[in-house]
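In what follows, chain A forms one complex with chain B and a second complex with chain C.
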Partner chain A sequence: MRNPLADVPVPLLDDLIDDEYVRSLVVGVVGTLGLLGLFGLLFPGSVAGDLAGIVFSTSTAASTARLAAPIVLAGLGGIFAEKSGVINIGLEGLLIISAFASVYIASVVGIGNAVLGIPAIWIGFMAGIAASTLLAGVFGVVCIEFKADQIIAGLAVWLIALGLAPFMSTVFFGGVNTPNLGANVGWRYSAVMVVVATVASWWALNRTAFGKHLEASGENPKALDTVGVSVSRVRYAGVLLSGVLSGVGGSALALSIGQFVGSGETMVQGKGFIAIVAYLFGNYNPLGTLGAGVLFAGLDATQIRLQQLGYAVPDTLVQTIPYVVVIVVLALVGRTRLPAAAGDHYETEE
Partner chain B sequence: MNPAVHLDGITKRFPGVVANDDVDLEIERGSVHALLGENGAGKTTLMNVLYGLYRPTEGTVVVDGEPRSFASPRDAIDAGIGMIHQHFMLVDPMTVWENVVLGNEPRTWGGLRVDEAAAREAVVELSERYGFDVDPDARIADVSVGVQQRVEILKALYRGADVLIMDEPTAVLTPQEVEELYDVFEELTDQGKTIIFISHKLGEALSAADEITVLRDGVKVGTVASADVTREELAEMMVGREVLMEPATTPREPGERVLEVTDLHVDDDRGVEAVSGITFELRGGEVFGIAGVDGNGQSQLAEAITGMREPASGSVDYLGEPMAGVSRRGHIDRGMAFVPEDRHERGLVMSYDLVQNGILGSQHDPPFASGGRIDWEASTEHAESVIEAYDVRPPNPDADAEDFSGGNQQKFIVGREFERDPDLVVATHPTRGVDIGSTEFLHDRLLELRAEGKAVLLISSKLDEVQGLSDRLAVIHEGEFSGVVDPATVTEEEIGLLMAGESLADETVSGAAIHDALDDGLGGSGADGADDVEAGSDRETAADGEVDA
Partner chain C sequence: MSGGDGGRLPSPVRRVIEPFVDRTVAERVLISIAAILLSIGVGFAIVLVSGRIAQCSTAAWTMPVTGLGFCYDPIEVYVVLFNGALGYPFAVGEPGIFNAAWTPFNLSFGLTLSETTLLIFTGLSVAVAFRAGLFNIGTQGQLVVGALATALTVLAIAPLLPAGPIAGVVVVAVGTLAGAVGGGLWGAIPGALKAYADANEVITTIMLNFVAANVAYVLVLEVFRAEGSSVVATRYVPEHAQFRPWLFPNSSDFALLALLVAVGFIGGLYYVVEHTPFGYDLRTSGVQAAAAEYGGVNAKLTTVRAMTLSGALGGVGGAVWVLMSEGRWIESVPDLGFDGITVSILAGNNPLGVLPAAFLFGLLKGGALEIGFRTDVPTELVGVLRGLIILFVAMPEFFRMAGRYAGLGSDGPGGPKTSGTGSEDGESEASGDAAGSGSDAAAVGGGEADA
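Presenting the complex of A and B:
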């Protein structure tokens, strides 16, 4: 097979390397990992050695991919919505609803069965995307058509999903946790989806006319309107894309285990909010979002493995790292700038 | 040959208002046509009809001999009409070329990629053809307002516009940029484009336009060739009566000392000293004017006097009382009125209606407050009286401030502040953005306050205004008074010297310095560069209606 990137002209690579933000992130991550690896090689018995063993093990990679998928994909979705001018803080809700819907539909079809030749688990996957997109669509109508406050509507999306998913699980399965399907989607699929979605998003935002319209819609919607492009349509597209991408993330999360866990904060456990952190950290750049998502997921995966090795790492503390990071980034670095018209409603004149 | 645009009997009615009444307009191809009128005369409405934003209630738009019915600006664009709004419709973080092609991007790869090379080439080609000096890769946020305006023009040209409508194109430009804009007009008309621009400035219409159409109260007063008409005739057409060229001041005996400012030092927001040791006093029945190029400490001085900014050192005594530590509300309660320079930031709450805006600052006091509640009936009456007395249009106290034009917002603020029954009025740029008829009225009101024995501190960059109204005139330069002069005897050149920071005794100043200072600061639009008597500066009187620096 031909390398699909062979067609990509040099400017693309130039752009990537030129992006200072991406560069510093890459240098930071690679540098840290390199140091860790060196330490691990030199002192195999030390904590660093253990750490290096964990970080470079396949099982940690698998766990990172599994945990990163919902963060990165929802984060990419959040970029599309927010760039268009609609702040979608309901990403968490979209992940929850798609996680549940994917497992539920897969179990309705029945593992081992297929529809139109598609195995049940992938039918479930698509159902998860559909559910998330539908909920995002409702959010879009409420925000764009009825001009509701985006933050409140976003919170409502989260709270609705947080209540609805465990409730439906109880109705259909007799408990907030669904039984395990006994089949799952391998972590390599998650990894591929994350990478493909990241590159595709980068392209869409930076190279297509749609990307320019999104940016204009979030920065100065009137400028877009006066050149004859419908601001509402661009914003609906942004919000629906956030639904689609979050749906992929939520389905991947649940189906990688084959079960929906609905107790407490559900199995999504704030990944939708970390997704917001990830894209802010990545300064609305999909590549930066990927880096941040992998970093946060990697920390979480490492922490879990350390626990298993008997280190008493306080997991709640590790889980606060993304939030601490975002506050530091927003307060000190200050390079993240919200689109000028994000959160504002737009109305065409007469 | 058909005229480029023919508006045939256009009437546009809004509920309760006739904005345009049977207006006929023919515009020659390749000409510059000025649409002149006061605030609310219906100029912008008429152009919005031509641009497809509004549908006319009656009448037809004929473009190039063909009757058209525009459902949206898109249709107007397709018919070759482009509009450049007063507030630019540009996306700040995007580049020049991205803005120019926005919505009409050339594409490759089956639509999956914007053809950057083609887009940039098209922009460069247009830019060169019309002699614009624009870097296609510069970000909008990084370029000057003049360049942004050219980007807007490029946007219209890129979409194939033959007729360009420009709404108050000089309002945001420096005098030098205005001159450049006139060059652009010339270049465009040489190549067959037609320009219609909306203005309320006489000088601008006379120097830039071939023909001038005057609108008043939605009705066309007439169309004249700019070569055959004088300022006075135009002013009379706009206002509907003869306009006094000079406000009439009479000498008066100053009364009690109202304000005493001693060695005042004030820092700006960045902590840099903006006012460096200013001392003066102001008595009742006196207008003390401060002239100067914008940004020489006028704002900080006004804020320190009105209690909005803590002075770094020095004192402000008001009615014999030191004002250090007195709150902003304390200043208002003691009868100090303030017309701020930024009406959107400090003068009005844009999302409040005029009833609410009318009591801002007085909301604690009777008759507006009673028993901890606001008396809306009294407030509405108050708003209505200000609207009537100051001719705010449309006369609707329930409309939000943001729905009024800038000039009408300004009239309302000035009215609110003047009607406070103050002992001292601090007025910064009180007539900025106000049309000539209203400017004349506001000047008269200011002189009435003076006649009532009030003290007035007038800060303005319009030289004719400060010179014509003040009893004493100070010129401020880099936070210090470079001189205090008698406005009746001082010459324009002398003021120019002071504004440039020279002292009057100094003989070594070059002519260029004077000219620069005049160009930069005297409130002029530079529209009258060709006019020998007024070379370089804006010595138009109130009658001229040059209203914005």
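Presenting the complex of A and C:
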């Protein structure tokens, strides 16, 4: 199916971005926001006026940054894993485990204390990254060493984290939700981390030898093997990077409010799966992933504000919007091309 | 298992299916059992580690030799889990092996069988999609929608008929059918998206789970909520329109009839998958989609049909949940759909394997309640075990390597640690795991990595 937005000519953009999907994403988002702004200015008292007021407010920007961090960072991690040929569907689990570990370690150290001059909350942050990387490492060993089915193993990573985090929370704090730390990481940190990680990922993927190795590992592992680069090692690097980046995202999510919520689907609430859609939508391009992630997070932030304004729509129904948008987006952009060898085990030839 | 064609197309479908069809049944059973034992071993380590970190006044268990105290007793956990799930048939800490007062028709065993019944439906739901090469993670959502359809249909038609056994049969049948239709339609959505828009069903079904839970919640909250109810729930369906418990206590929420219906579904689905033209289409497109197309199978239509059937089975699960367990639709729908994934994977996606797998999971779920009553260990442990079992079943190569390493020719890890608890659970797989001390080290190693 031809994407209608791909044909809209934009002078400067056409030269900068030659990727059709990314371009249409940018055009679509800017166009929608522009229309909304225009209607908001013309009819300030209407729904469009309220909506424009929400979308262009600083508090919405702050909560968008907060909510975008796990989606974009996990999405970037997913790119590294999938480019290397390992489909990591367990991003959700990595987010959950890092969200819990960051809050747990921060509370063990104690807010106000510091280790080696580093405040407790940042110790917690690093612990979250470590926990996520460790779980990603287990996933990597299972997929690469023991040739497990990647989809099922990824699902297992999610379910293990979904069980383990509330279990540990009950062990340590007596309930599935941890108490609030009483301190948090500001949204500006989240925003900075998202931007830095996006730029760094783009650079690593497009301008370094490692990026080329990743690409080859996913597209043609045999060629990579022939030139003497270990496919397993490149794949481990990809999977571990997905763990590191998801760890940053999960820790940022939990520490930005200073609490882990473990009831139901936990506080992560499917953001790891939305991250997968974000990078598919961005067609494995970090900049596109950033755009898609901010779009999904912006929708979520807008619905939160919309509820506060008292529109007579049940909150739960409004909360459903991002999920429906993900389904619609996936149906429209469905035909993205996976790396040729993604999901296949590669056996080194002697 | 007619997938003998040697095409080497690395299609995602083939990749998912391959580990489950290219292997003998015996090996699959062995791997499933080994995976369960290994999960129990890792769970043992997790309980031990968290028992060391948790705060308590008196140690529940002291490790021999080292004298270290632990807040949780990992052996007791498993004894309570399996023995409790059966209603304590074995006398532990008392003279004699068997508890003389035990009957099969006790409350705990009823709860276990109730879970088993529900898990058979969700397990079959996941299995049938799997056989068509589709990974239906949306059974949970299909169950939620089916359950709501059943509750609303039964509430609507029950007053029209005079209360009585005949009306009860009619109402239950129509209600179950409504659940199947509701779940089937909900399952058809990702099927159609997959077939005609190429949208990955793993993602769409997960998203539809969230949508189903939210939409059903809002519908009940705004429209169908029972008056004066403190929770978001519909009215109770009339007594005569429910599956009634025979022999088992009322509070066990278990109806033997429902279990028989579930077993009937297993047989029926086995026949449909293995011995009908539709089943042939299903299996061939699951094993080799391209070859199936050449053979005249309409792959797109088969995808939609398989997902509809899968959704309908999830919907029937929801219907039984309403008509047997709860008596109404209530917001706190248990994780039956996700457990169905474990059941199906454990069963090798074979309808016949779903029965023992569902029973094992019923034991875990029933035992989790007992753990909550009798020990301090959080019942979320069972959720961890669920994830571990899936992880280990997904890595058959590990068990082959372990088997080769131990030089046994077959795999039997789990180790002496678990055999101590295993001998009390009355399960056949408890015996025969005495060997394999080499792989026991692997079990402990895995535990450290996860804990």
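We take it that the second predicted complex is superposed on the first by the 305 of 350 C-alpha atoms of A that agree within 3 Å, B and C clash if a C-alpha of one lies under 4 Å from a C-alpha of the other, contacts with A are read in each partner's own complex, and residues count from 1 in each chain.
Everything below uses one rule, namely that contacts are C-beta pairs under 8 Å (C-beta built on N, C-alpha and C of every residue); 3 or more make two chains touch, one makes a residue touch a chain.
From a predicted model like this one, the values you see are computed outputs, not experimental measurements.
**Q** Under the stated touch criterion, which partner chain does A:F146 make contact with: chain B (first), chain C (second), both, or neither?
**A** Once the two structures are laid over each other on A, A:F146 reaches chain C alone.
**Q** Between chain B (first) and chain C (second), which, if any, makes contact with A:A209: first, second, both or neither?
**A** first
**Q** Touch test for A:V239: chain B only (first), chain C only (second), both, or neither?
**A** Neither partner.
**Q** Which of the two partners, first being chain B and second being chain C, lies in contact with A:I129: first, second, both, or neither?
**A** After superposition on chain A, A:I129 lies in contact with neither partner.
**Q** So, A:K222: does it touch chain B (first), chain C (second), both, or neither?
**A** first
**Q** Which partner, once the models are overlaid, touches more of chain A's residues, chain C or chain B?
**A** Comparing touch counts on chain A for chain B and chain C gives C.
**Q** Which positions of chain A sit in both the chain B and the chain C interface?
**A** Shared contact residues on chain A: 340.
**Q** Applying the document's contact rule, which stretches of chain A touch chain C when the two form their complex?
**A** Per the touch definition, chain A meets chain C at residues 1, 89, 134-135, 137-138, 142, 146-149, 151-153, 155-164, 166-168, 170-172, 176, 265, 269-270, 273, 276-277, 280, 314, 316-317, 319-320, 323-324, 326-327, 330-332, 334-335, 338, 340-341, 343-344.
**Q** Can you list the chain C residues touching chain A in their complex?
**A** Residues 10, 12, 15-16, 19, 46, 50, 53-54, 135, 137, 193, 197-200, 202-204, 206-208, 210-211, 214-215, 217-218, 221-222, 338, 341-342, 345, 378, 380-388, 390-391, 393-395, 397-398, 401, 449-450 of chain C touch chain A in their complex.
**Q** Going by the contact rule set out above, which residues of chain B touch chain A in the complex?
**A** My answer: residues 53-54, 72-74, 77, 85, 89-94, 98-99, 102-105, 107, 111-114, 155, 159.
**Q** Residues of chain A touching chain B in their complex?
**A** Answer in residue numbers: 203, 207-209, 212-213, 215-216, 219-220, 222-224, 226-229, 340, 349-350.
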